[in-house]
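The chains carry the letters A, B, C and D, assigned in the order they are written, with residues numbered from 1 in each.
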Amino acid sequence: MSTDYIATRNACKLCMPLGATLVFKGMEQTMPFLHGSQGCSTYIRRYMISHFREPVDIASSNFTEESAVFGGGDNVKLGLKNIIEQYKPKAIGIATTCLSETMGDDIVGHLREFKRDMPVDGPHLIHVSTPSYAASHAEGFTAAVKAVVEQLVDSGISQFYGGRVNIFPNMISPADLRYVKEIADGFTLPAVILPDYSETLDGPSWGEYALIPPGGTPLEDIPWMGQACASISFGRITNSRPEYTAAYSLQQRCGVESIYLGMPVGLRETDRLYEALAALSGRTGSPEQLKDRGRLVDAFVDGHKYVSGKRALIYGEEDLVVALASLYSEAGLIPVVCASGGESGHLRAEIEKVLMRPQPDLVVAQGADFADIDEIADTARPDIIIGNSKGYKLARRLGKPLIRLGFPVHDRMGAQRIMHCGYRGALELYDRIVNALMDAKQENSDIGYSYL
Amino acid sequence: MSIERSQEIKDKMLAAYPTRTARKRQKQYLINEPAVEPKQEIQANVRTLPGIISQRGCTYAGCKGVVLGPTRDILNLVHGPIGCGYYAWLTRRNQTRPESDKDANYVPYCFSTDMQDQNIIFGGEKKLKLAIEEAIEIFGPKAIGVFSTCPIGLIGDDVHAASREMSEKTGVNVFGFSCEGYKGVSQSAGHHIANNQLFKHVIGKGTKCCVKGSGKFKVALLGEYNIGGDAFVLEELFEKCGIDLVATFSGNSTYDQFASAHLADLTVVMCHRSINYVADMIEKKYGVPWIKVNFIGAEASAKALRKIAEYFGDEELKARVEKVIVEEMAHVKEELALIKPKVQGKIVMLFVGGSRAHHYQELFREMGMKVVAAGYEFAHRDDYEGRRVIPDIKVDADSRNIEELDVHPDPKEYRPRKTPAEIEALAAKGVKLKDYEGMMPEMDEGTLVIDDINHFETEMIIEKYKPDIFCAGIKEKYVIQKMGMPLKQLHNYDYGGPYASFVGAVNFYRDIERMLNTRVWKHIRAPWHKTEPLAATYINELAEV
Amino acid sequence: MLLRHTTSKVKEREALTINPAKTCQPVGAMYAALGFHNCLPHSHGSQGCCSYHRSMLTRHYKEPVMASTSSFTEGSAVFGGQANLLAAIENIFTLYKPDVIAVHTTCLSETIGDDIPQIVSKAADEGKIPAEKYVVHANTPSYIGSHVTGYASMVKAFVKAFAIRTGVTSNLINIIAGWVEPADMREIKRLGSLMKADVLVIPDTSETMDRPITGQFEMYGEGGVTIEELRESGDSRVTLSLGHYASLPAAQILDSRCKVPLIELDVPIGLAATDRFISALREVSGLPVPKSIEQERGRLVDILTDNEQYFYNKRVALYGDPDNIIPMCEFLVDIGMKPVYAVTGTPGRYFEQRMAAILKDIPEARFRQGAQADMFLLHQWIKENPVDLLVGNSWGKYIARDENIPLIRYGFPIIDRTGHTYFPSVGYMGAMRLVEKLLNAILDKQDAECPEEKFELVY
Amino acid sequence: MSEKMTILESRRQQIGMAGGSGAAVACERKSTAGSISQRACVFCGSRVVLYPIADALHVVHGPVGCAAYTWDIRGAVSSGPQLHRMSFSTDLREKDVIFGGAEKLYRALVKLIDVYKPAAAFVYSTCIVGLIGDDVDAVCRKVSAEKGIRVLPVHSEGFKGTKKDGYSAACEALGQLIGTGNTTGIAPVSINILGDFNLAGETWMIRKYYAEIGVPVVATMTGDGRIEDICRAHGAALNVVQCAGSMTKLAEMMRQKYGIPFIRVSYFGIEDMSDSLYKVAEHFKSPDIMNKARTLVRREVTTVMPQLKEFRKDLEGKKAAIYVGGAFKTFSLVRALRLLGMQTVLAGSQTGNRSDYEQLRNLCDPGTVIIDDANALELSGFVRDLGVDLFIGGVKERPIAYKLGVAFCDHNHERKEPLAGYLGMINFAREVHASAMSPVWNFVGRNSHEHRLYSHT
């Protein structure tokens, strides 16, 4: 691939504040607040709306020329004041942007001052530093989770808090979040999931417009997370840099054991999760759920001929790419290209850990954009493309099926209901792959069998 | 109190019985002579004679009511007609304190299959399984305990099979108790059954996740049922001393605590009668030793703490314990100084429970009061004479039908906490593992020891001894008080308490002082009667004579 | 929240009863037996039953409750309880010397199939039953009906055992009182005497279960219906049966066997039921209603008119025994309240027929009887649409606290308060007491919760 | 207004009412911090305007976000090159922010121009460029000199004003192109189309109409735009300006610089569409053109009206709320809705100016709420309180409408259906009808009393 490109063409990543915003959307009665220009919040809103098809309110400190010169303090305070007045949130998650960061605006200072004249029962103010130029939205997400934990968890609490477990689920869909909760319930292991936008970003139709949609990680639970018996952190890439994770920070501050897992996508990675939960709870989990495992294996068997040896091109957030590589490799496909805009430096190493067998011709492209992926694709000749909607052009050009998942999916319905996690998620993804391949086969055959 | 006088009362009493009854009763009734060799032998844990009006309850009461009742997050489903579930519904002061509003607490609920005649005729297993399903759908508990009541045993519902089936189907830990009321001769059988099933189905399933226990000194407290908040004050006391309470059986407890009891490094046993089986089995399977303690009474509590500290042999812990004792004792002494003069020398009788009749003597002794008669409602010989007699307790028809689990060291989890040498050393320091001396050695010469006392005998001895206060339960409460004499309930503490540990001791001193000195007893006679001679004689007057 | 697992989402249940609004037969039989003179109730079953029933009754009546048991063990469960009952009869007559032993069975002895009459006659043959001493029995299997059924069966058993007709009809009026408090039985007798009617209340716990302290314990003491009185009841001119569930069976026996005509009435709780009771007395005795009773009635109605504003349209939920709920609901409707929910665990269609009639003008009212008509269901209804008042036994306090609804303690058992056994709820005086309780509950809540500016001295 | 809806003090003047007196709607303000405005930023304004120029290279100078969020998200189609649908970013990183990004920008441009051979390049400055002080102009001049194509800086730092300032920045960039091309061969009767972005091919339709009435088009700005055409746009005789908000500035500039007059038109709705053709005809004072226009209009209207009547049957009397980017579009929509028998109860825009709102007040029925730069809360509040049946807006308004169970018609740059012209009117009517008449509204929260899952008796 031509690394000599200076410009990023059709980026395969988004900016840090988006990740942070998503986290804050996943907290009970919490208003995300971007410290920067109006555009940041507007763009991110429309991007998230087009994916989740839900209202996504994100406040902004609406930088003006003056604030850029004299600092954003007044805007932050005015902004917070207005938000509190209008939305009465229980918490406000403030994420910085390239603008405020570059100005070196002292957000902590602003907040300190604001708190001084804020009533004591005012909302929690959480801040996270997310300069867009530092990394991608994935890192923004991780940073925000850590910030929440560091700023809200009370390390002073010593009362034993009945065998709870913290789950840091990484960027997964609302449907995934619901399912992960269900799995934990299967072990009757009370789980605090942070963030949890399963309701806030996939809610029912309303009678009254909710200022802030109901749902989200209960704020009253978060201070206690330091008393949990363990923290489970999803995402091999995220966890390959533990010092950035909330789990790590909790271990350091409160001595909560941290359990680092891959995203529970596919059979093996999900098995790891079940094992962890079983070990923690001393229970075996719901037999009903375990049946799904059997069904998954059964599906793998039924479908293996259609997928074996099929070449897959996978792109998206690094954690997701690793997870998908694991699933499709165990299902008998060959991940030939694994690409991501992220630049952890661990992508290849982690992928090789999850592959069923070593794969010399595997192309791992990190820090890649879609122009790069395009070029790689020409030589890699994939049979199927797996990732978010942004790969459509590529798929179209190659005339290969595109399996839409991850974020964003804004050219199809139901992005928020796509399941990636657990045995059921694996089943869903597997079926979609197999059917896509069958479709293609059917379409491209001149006979047009109706029986495959 | 002279042995002669006691003997005379005993004879008088036995004379009143039909011969067969007398023959049986006399073995359960002795005049204490701790010094004599060979040691006296009392008959205990034998059938109650029909019609005699005993204090005793049934096996179910011991199993569901006592041992399992206080646990908040096991859903206790009573399989039988409605009554049994109803009477054990919130009637045994089991206070509990969930960690948060979200945590399960089924204590305020009563779950029953409410068997109807057609269920009795055609069998109730189907209804039981359906009830379990409904319970899981509505409440989603971690575990469900199913309790058989009398008719279930007869119609032959297999609660264990049904439970197993539902466990496999739902993943919820469902286990049954064959605690039909007629099994055994008293609550005691129910305790044993509860112990067995908990050990088979719960203990050992837990993980470190389920329990507090980051600290060095992990202890499981057995036989503490949190009447009136005893468990709460003990939790605080342990906290103060830096001892981690991983599990309590079963005051203020959870399923997870039970499940993880084997993770403790020491088991301490309070109510020996109701739970010593679990202590033994945990030791056999996991190598966790147990010691008998008593936190009823200030001195006793100090003694118990020192025993624990000695067991761990950690100087820092010992120091901390001593410090706590000094602090607590200061307050206790103050209080005692005020109260003792007002109660000293008063006469007490206690007939209650399987350990309480023994434990509470400590408190009365501290107050300078005199115990002239005591006995248990459902204890065994070892609770009277000490565990040394266990080998020669003969198994009869009623004890044989309760399973003795055959327990072996767990291949993975067995970890002896102490070497034989260390155990020796501890014994030398007065910390005897799995040892209990029983009640009789600690009672004065000439005092009465009566097992399973009945109403008739109660009236007799009261008439003869004129005690100042009588300790028993709700059924006796108003009987005694009609006589113009206070009765202290030691099952439910008359809704007072807590009485455990140092704070508890002070509460107890005050309550007893109140009961003895309250003026209400003086008003029984109307003034216009005072002058005339009376047919009735009054306890108080006689006491004053 | 104490009942934190209770949600408004109602799932119909078939097998599981949660927080029952009833208990089992024997406890009722035991209470009924305590209303007869020199009688020792005996529970033919495991020790636990007796122990539980004594405890429950003691907690409610705050009185000694003496009763014995056959102390079944596994052996007896297998070979039957005959030996136990024989031994019991011997021990009881030797030690406790009652005139009558009132044996009631339990689910255990019923399932075994012990034949009580056969065992009793065996006891007689073996001379275990002294002269002029009796053993009465009632079959009270716990898996049929409820504690109310047990009460009815035991009263019936006594009437059946002793009432005889000589042919000479006396002036006596039998009143089968139903399961009411000692104070209520006293009140019924008082009303009878005010009416100058010669009434026999069966059973009569007014003294046995509410005894003055004398400094001496008496195993039986005064009070309770004597065997002689029971015999005479067969010649009475009429029987007033108060309460369909608890009283009718005994009344029917008197009717069918001794040809004493019966008049079926409700327990005289509240205005209308008391009116019917007094009218009935008036008719059967042919005597005028005395001024004193007129005055009591007048006072009651006066209180009602003085305070109607506080009652009107208040939503009330009730649970407990049908004989108590039916007249109570009628009373609540009479004073303008809305009894919107009512459950009783005691099975029987009669409850539904009566309630339907009483509540015909309150379309939103919901009531149920039977196994799953329990307090869990009631609480779910309340969660779905709250009420202003809760009326029932002590177990309601958990709902009351969670939902912040005042609880009026009424019915059986009340084990966390006192007074219910001393002060009547029946008759006009009783109704006044009920009104006072309702009123205070409503106003206390208002005073406790209203904003300061709304807090007023005068109501 | 329901008490549940709190309106910030500072926002009150920006909400007015049609008919009667009452103060003018305040506007052209900066969005209040913390009020969740539907507006975007300066960059967004510039990007929107220039995006459709298909043969130009659009490079976003800044961190990756701004480019990522504007990658191929609009329906502005091109009859030829597709270069505008690519997203190019200098993807600035920590070190660039510290040491400056000019160098990276330079190398990026050079490489991209070599590969994609664009007719010109636009370089958009984003927020931080304004702070780290890269001399973007210098870089552009340098590359321009080296590569021999126009490389135009677009000063669109997000925080330097509102979306409108973004429009002007774009206009300035266009201004630099205009006048540099060769105007020979341009007919005396000729126009430029300003302010149509060829969403779903609308520009093509309009071009076709003008062709039919004998008016050739020189340049379309910027729908299906080409650099070369734009460069010679000053040769046209008249500028026909739609979307006044974004393009009036350019038209004004061309009038001053080249004496080209301009007229404001709108292509939405039958009246406005016809009106635009007539205006052009009038301008050229050519009876021939006017006749052709009349024939065209007659033909189109007679084909369209019957179909519209069908829709109208169902839509008669329904209430609509309009909240779109430009006020001028709002006018057309109000009229278009009237044609469908629908009443507009709320009309607002992100960027309208004083005169726009005055005009709006007069145009709308008395009582209609007029609102400037509304936020989600206000919009939802009004939708609820005014009993709106249909909401017309952009992607950010859609979920508000849907959540509240209100029909929605997408009328922003992301739509894929042509709504302009006569055919557009049919499409518009069809979309409105399809949404407003859907049965699903029976099941949503606000109407749920009609379709309960459980009937509580």
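Some notes on this structure:
By our rule, a contact is a pair of C-beta atoms (placed from the backbone, for glycine too) under 8 Å apart; a residue touches a chain by one contact, two chains touch by 3 or more.
Predicted model, so just to flag it, every value in this text is computed and none were measured.
Counting hops only between chains that touch, subunit A reaches subunit C in a minimum of 2. Across B-C and A-B, it is B-C that has more C-beta pairs touching. Taking the mean of each chain's C-alpha atoms as its centre, the chain lying closest to the overall protein C-alpha centroid is A. When chain centres are set by their Cα atoms, the one at the greatest distance from subunit A is C. Chain geometry summary: the mean Cα position of subunit C and that of subunit D are 81 Å apart. One simple way to say how far apart two chains are is to compare their mean CA positions; for subunit B and subunit C this gives 34 Å. Centre-to-centre, using mean CA coordinates, subunit A is 54 Å away from subunit B. Residue positions of subunit A in touch with at least two other chains are not found.
For subunit C, no residue reaches two or more other chains under the stated contact definition. Per the touch definition, subunit D reaches subunit A in the complex via residues 4, 6, 8, 10, 30-44, 59, 62-72, 86-94, 96-97, 104, 107-108, 111-112, 126-128, 130-132, 157-162, 376-377, 380-381, 383-384, 394-396, 398-400, 402-405, 443-446, 448.
Considering their complex, residues 1-5, 11, 13-20, 22-27, 42, 45-49, 51-56, 58-59, 62-77, 84-85, 87-92, 94-96, 106-108, 110-112, 141-144, 146, 211, 213-218, 345, 371, 376, 395, 398, 415 of subunit C touch subunit B.
Remark: subunit B residues 98-100, 102-103, 140-142, 168-173, 205-212, 214, 254, 256, 259-260 touch subunit A in the complex. Interface of subunit B with subunit C (complex): residues 16-18, 20-21, 47-61, 77, 80-91, 101, 104-106, 108-117, 119-120, 127-128, 130-131, 133-135, 137-139, 149-151, 153-155, 180-186, 397-398, 401, 455-456, 459, 473-475, 477-484, 524-525, 536, 538-539. Taken together, the subunit A residues at the contact with subunit D in this complex read 4-11, 13-15, 17-18, 33, 36-47, 49-50, 53-65, 67-68, 75-76, 78-83, 85-87, 97-99, 102-103, 131-134, 136, 203-209, 211, 341, 371, 390, 393.
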